[in-house]
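Note that chain A is present in both complexes that follow, paired respectively with chain B and with chain C.
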Partner chain A sequence: MKRTAAFLLMLAATCTLLSGCYDGKEIDDQTYVIAIGLDKGETNKLRMTLQYAIPLAMGSSGVSGGGGGGGGEGESKSIGSMTLECPSVYSGLNMVNNSVGKQVNLSHAKVMVFSEDLAKDGRMVMLTRAITRGKEFRPNMVVAVSRGSAEDYLKSIKPRQEADPSKYYELKFSGYKYTGFIDQTQLHDFFIKEESTGAQAVAALVGVNTKNSTKEFSVGESSAPQKNRPVPFEGDYLAGNLPKVGDIKGEAMGLAVFNGPKMVGELDGEESTHYLMVTGKYGHAYVTFPDPIKKDFYIVVNLKQSRRPTYKIKLVDGKPNIKVEIKLEADYMSIQSGINYESEYNDIFERSAEKYLEEGIKRLLNRTSAEFHSDIFGFGNQYKSRFLTWDQWKNFQWLDRYKNSTFEVAVDVKVRRTGLTIRNAPIQGSEGEVQSP
Partner chain B sequence: MLANFRKTLARLFTFEEPKTKERFILKETEEEMAEGGQKEQDKKVEPRKKKNEGLQLNKKSGENEENKGPKPDISKALSENMERIKDIYSIPTNGDAVLREFDLVVKNKVIPAFMVFFDGMTDRKVINDDILQPLMLLSNLDIKSDEKSIADYIRSHILPHNQLKEFKAIEQVVQGVNFGGCGIFIDGVDSAFVADVKGWEHRAVERPNTEQTIRGPQEGFTELLRANTALIRKILNDEDLIAESLTIGRRSRTPCSMMYIKDITNDSLVKEVRRRLKSIKVDYLFDSGELEQLIEDSSFLPVPQIMVTERPDKAASMLAEGKVVVVMHGSPFALCMPVTNNELLHSPEDSYVRFPYANLLRFVRIMGVFLSLLLPGLYVAITNYHQEMIPTSLLFAIEASRERVPFPSVVEILIMEISFELIREAGIRIPGPIGPTLGIIGALILGQAAVAANIVSPILIIIVAVTGIGSFAIPNFALALGFRVLRYAYILLGAIAGFLGITTGLFLQGIWFVSEKSFGVPYMAPFASKTAGGIADQFARPPFWKQEKRADYMNVKDARKQPHISRGWKSQEGEDQKEEDDDAGK
Partner chain C sequence: MQESKIVFGKWETAALLINALNVQVFLNFPRTMAERGGTAGWILAAYISVLAFLLFLLISRLYSRFEGKDLLDLGEYIGGSAGRIIVGIIILIHITFIISIILREFAEDMKVISLPASPISFVILFFLSGMIAGAYAGIEAIVRFHAFIVPIILAGYLIIIGGVAPYYNISNIMPILGNGAYAIFGSGFFRISSFSGLIALFLLFPFIKTGKNFKSAGSLAIGISSGVLITSALTFLLVFPYPSAIEGFLPIFQLARLINYGRFFQRVESIFVMIWAIAALLYLSMGFFLIVYVFSKTFRLEYYRPLIIPMAIIVFAISLWPKNLMSAIAMETVYFRSAAWAVTFGMTLLLLLVAGAMKKRNHRKEGDRK
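Right, the complex of A and B next:
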């Protein structure tokens, strides 16, 4: 009996030592922000847009909801948003709690969008440093830069296919695995790269597509003219200027490049693909190549990266010389010219594809060193192992030397499969056989 | 009171040298094995034990009494004995005590006699045919031999009954009669006979109700001691299996049988069990559940320290592992000791099904333990403190379902857990014919109406249901009960301090369990107080041919269950043999 009494007393005693239930909060006493947008404020330092989920409107879960889904262009009911101007993120949250009944909880925020202005003047980096300090933010939240205002971008998101709006952001930013047009730039990654002495940060680029009709499409918006292409390829766009009309106005494409605290440039979709290939994060995607034999025809392959790239970095006259080897595999998806690339001309295609990719990647690498002075690939971190002490490495000033780098790129493309068709047979007609239209 | 409280507080916060308390510890036996003397001693004890093994029960109790030596107080005068018996059994107030007077003729002398027995506890046919008839009729036969006394004469010539004992003390006779014997008093003889004519109503051997298996024997223990010991002996067929008889209960003198295998079980363990059993002083014992509580190490540990089983095969396998099994008259549950926490999670089926399935079953069972112990606590902790851990979609589903529930989640889960306990308890007590009603109440009212009325959220019903199913997956009923009790502690800890509370709880429970012993064996062996063959033999189950050794912590006399190569046909010689046979066949 005495022993139980002592045991119970001890339990009670330990309970007082534990951090009591003061920070316990029921799930339904909180509202969960799924996306945060930050712009320059008109009257204050920041304009913060919070997008929160409204679970009761998410239908299906029995009691209410549902029903509403049908009404055409109407607001998505599962999502609510609020915009306010505030001196800082945390004070903004305090202010929001005055109007929202439930306490705002940021632990499920999926994306944090900064406007281009904030990214360009270095405030974005300061803000992310403050955010990583707070325990209520998820470190794997995506950091994105919006071309235009972040508020507009968040307001353009009205997920209609997903009952749960957070799923929209989750899926969208993990889509790089099969598009290759962005990178899932997570907060902790961004933060580490910002403070790293051997790498610089990038952030996914998002934007709002304002086109209302197909008449507004123009080739000029794409980066095809700069690349001397008569027709833009799928990757020649930046977020917001895809030739597209439809329900979903928000787009994510391309990367924002940072040098130190400031955003210094943008990479379009194709360059983002190359960026992923060089860093080894490329999954697979459909990629268009010009036909090496017939002009103005294209070959589309499903391109995969199944091995990690290898880097060889050395100093030549005090300038970094970086050699990147990339191994890719491809499956034919479409051969417009009807030429028999599946067997006899396969080699021709492989070599031309290699050359084409090498050129593109080299263009990107040179751009980052000459134009942006920013080692977004983290070559510095690879080269770091050559140094014995931290001071040696620090005094080496990699990030400063990167702008003088020279590059060599070797791409190896192997076609593994031809898809479900083994070879193209000529098309038959009254005029006889036709190879291709 | 206050002083006491202060003392307790002081004791809690100041260091105190722990009192050295001598507890029984099951030690290694190797030295003992090395000593030949010990073995001889065993042999000396053996014959007496062997005699005890007999089918007759009264005999043993009688013998024990003889050792203690109650006063021989049976008078030569029949009337005096009759008066005393009438007094003891309150005849004729006592309706079922039968006293039958008769005469027998020995050597042409008419001798009055009487017999006493309990109606209903004895077999009428045996009394009529084997006792009364010979005494009244056969005594007239002309007997050739020359006998010294009437008692000897009756014993050797007249009573053809197979189990007959002669006592000098009334007390012994009374005990025999109380346990279904028939006491026979004869005028002029200062002793009395007790014939074993037990014939009470009892249950036949049936399927075990509480421990069912798909594979394996389908017999269960009954309420009869000898039937139970015979069920075990029938499985083991080992002359080294000892069934030591003991009586427990000052008034009830309930016969018990302490069984062990002489050359496997550690002697000190047998001695300790015997010591505990013999030291018990209670008036009556009704079930082995009471006996279990009297001999277990710690009454406050929420989990059992003695395995209770209804299956003879399980008891036999426990014996083969070097454990001691106590069977009690009147209880269909045998007690196996010592036991570790891990063994309580084993089911007899584990050894009967092939080993890949057995391991799956074990794994599922461990899952069941964790679910039944921690799931509600974890739910409360996560939903109150660690929302960031929940996948977002699930979080929104929980939020939507909880939105209309007016209670905090702790209260919600306590409501459901308590109603579930109610259903369980009611389900056991409910009379058979109304049983189905309970199912309707449980399913409709708790399952659906509570959700429809927004008293609880549907997700919580899933939590409670999974928890309940988890606890049913635990093969030992008492262990499941223990975890059921602990579960509430974890709910409260989760509500008070989230994961920190649950971790603290697990830590405290770990310390507590690790410090406990069951008959000298560390309760958490073979994991805490690590012994050989922990994971491989105890947690998982190797193929049957690989289970070569008995549990290390049992410190048995014979550690090997089977030789290194137990499947002869696998070895090369076997192959050759087979080939030769084939050749010969051709």
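Right, the complex of A and C next:
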């Protein structure tokens, strides 16, 4: 009997070898897609662009790791791309499989870019619902909206500093931790917010910068005029509008705002920073403030969020009144005026920075309620705890009430460090002390 | 049967029960809790855990007068051979149904996750071969293997629920009462069927021998299983807010897919697939052994091993009854998990109460005669 049992156990163990009978896949028998772009088609429902890795080129490129991005005019041998028109994502994959020698594998896809058109007519949400059904698409994949064509955006990406193109996308979309200009909107997060009764979705905004000469730069492309600024700050741009020329054409800057299934607006880089501060996802970044004492001078600090923001939400005459408290810490990076803010004027800077941020954040909050009617911060989710049952909460219709919200913002900025300089000594010239120009 | 000489201890018994009670976590338990309780699905899990523990205490108290006797022995005590056969047939139908359906579900899930091109019968045969091998090896091998593997399964589970901590959002479990007090504490009562795996304890009492071990193994298993069931429902709801939570096909797999720490600690679902397959195989082996064991004991057959292949064919055939995955899930979650309490708790309590009354009456008669 023991022999029979041992034989059967051995037989059961060998069963594991049979798993390759139908589903065996060799790693080098697959085409690994790293980015997917979806646009409205001309001859069919969708125009799908697949960007895939070319492992042989990656292996022979001799480029080793390192940081940084890429994307530019030169040809990148580590990625290839293909664009086709198809009725749906899955049928498109079938068509691609018919063209490429190896079967398409999506398990390494890092980003899915939708054109603005698809986002605005609601089909982007329909498509994300479809792809969450497939196990091939990972929930950590970044969802982005392209200002213009998704195809153009993906084709503008040609990593030259990265041997591994998937690493390029991972680094690019995690850069929000030290820029604050986008949010890393993952498929999982986008999907649950689309179904949420207390929050609405945003998606990272990407675009192609078409400038070939510095002569094409224009203040009008920034949001500075709307903010009454004589010159734009670093966050006053949307993807594709940055005043820069160079090899890197693809940009990620700002957020697309959704109300239900449809994209209803765009936030620029600065508003995205404020969005991250309000939601508590802000890491740290260099932020420019106007000098409170000397006009037309700027103070740059490395600003980071020290605590989770707190919210107090109450109903006033049936309208939500939302108080947000944000605590930030700053390190001086640059004081153009040379004024000694580090010591005697520190309080003046802190109060000024607080006021500046409060105004900016309040402007953003008012835009989301009055202009977009979209609670992208998830205040509703905070307010849910006031209800006992789901039906009571659902009948409250938070998302409908949000458009009438009023806001109060309190920002607390504390300067902690001053970099390697503790005070500024005056600059000396033949006429004695010289003021900064 | 030769197994009657086998005795196993508290931890071995508890490990077997822990796996029997928690295997549903890897299938659809967190989602069914969310379906029933809404944002309060985890409270429902806690509620049925408390109920199960109280019922178990009651049963173990009643069982103290029938130490070492399983449900079939109780049936025989009450109604002779007819009683034993009736109880045996009810248990056989109960276990054969759930093992066949769970076999189908695991095979379907494996097909969806890892083996999309393999025919379903081929995948079922994988599990079935393991079940057959387990049944041949006998209950001792199955139980000892549980004692060794269950801690590994629990560790894998903890990695998954801990790994998704960055996605936790406490507001997801608000409003606190979810679909309402009645959905949780009223109609939610029938979800006590989630503890139907306890029937294994009531069938394996002859192998445990002492009432003390019976009580402590059962309490330990319910305690640990309650922790797993509650945390699974809670974690799932903290990550997937209601109503998105009721869409997920395999909740724990979907949690595992989210784990992503930097560029190197990703794709943890491979751990899930491994612990999931091991847990499934152990559970199915234990369940399949119980089928042949109960059959042989019901009909007083000296050997159970000749039954293994015929029973395997029956289980295989029943597992192919559901016309698709949705039917298999519905059979488990809608029918079995709503009604299984009647056999595990209802029938057991009834047998114990009747047998207890008869024992008391017999004692009284004996006392009168003296």
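In the analysis below, the second predicted complex is superposed on the first by the 402 of 437 C-alpha atoms of A that agree within 3 Å, B and C clash if a C-alpha of one lies under 4 Å from a C-alpha of the other, contacts with A are read in each partner's own complex, and residues count from 1 in each chain.
Here, contacts are C-beta pairs under 8 Å (C-beta built on N, C-alpha and C of every residue); 3 or more make two chains touch, one makes a residue touch a chain.
As the structure is a computational prediction, the values presented were derived from the model and not from experiment.
By the touch criterion defined above, A:P55 lies against chain B but remains apart from chain C after alignment on the C-alpha atoms of chain A. Looking at the shared chain after the overlay, A:G198 reaches chain C, while chain B stays out of its contact range. Within the superposed three-chain model, A:D23 lies in touch with chain B and with chain C [touch as defined at top]. Looking at the shared chain after the overlay, A:H188 reaches chain C, while chain B stays out of its contact range. Of the two partner chains, chain C is the only one touched by A:W393; chain B is not.
In the superposed model, A:Q336 lies in contact with neither chain B nor chain C. Once chain A of one complex is fitted onto chain A of the other, the partner contacts of A:R3 are limited to chain B, with no touch recorded for chain C.
By the touch criterion defined above, A:N346 reaches neither chain B nor chain C.
Contact with chain C, but none with chain B, is seen for A:K384 once the two complexes are overlaid on the shared chain. In the superposition on chain A, the residues of chain A touched by chain B in one structure and by chain C in the other are 4-5, 9, 11, 15, 18-19, 21, 23, 138, 167, 170. Residue ranges on chain C touching chain A, taken from their complex, read 38-39, 112-119, 122, 125-126, 129-130, 132-133, 136-138, 141, 167, 169, 171-172, 174-180, 240-244, 254, 257-258, 260, 263, 266, 305. Across the complex, chain B meets chain A through its residues 8-9, 11-12, 300, 383-385, 387-388, 390, 392-393, 395-405, 408-409, 458, 495-498, 500-501, 504, 508.
Contacts from chain A toward chain B in the complex involve residues 2-7, 9-11, 13-15, 18-21, 23-28, 30, 32, 34, 53, 55-56, 58, 61-63, 65, 105, 107-108, 110, 138, 164, 166-167, 170. Contact residues on chain A toward chain C in their complex (touch as defined above): 1, 4-5, 8-9, 11-12, 15, 18-19, 21-23, 135, 138-140, 167, 170, 188, 191-192, 195-196, 198, 378, 381-382, 384-385, 387-393.
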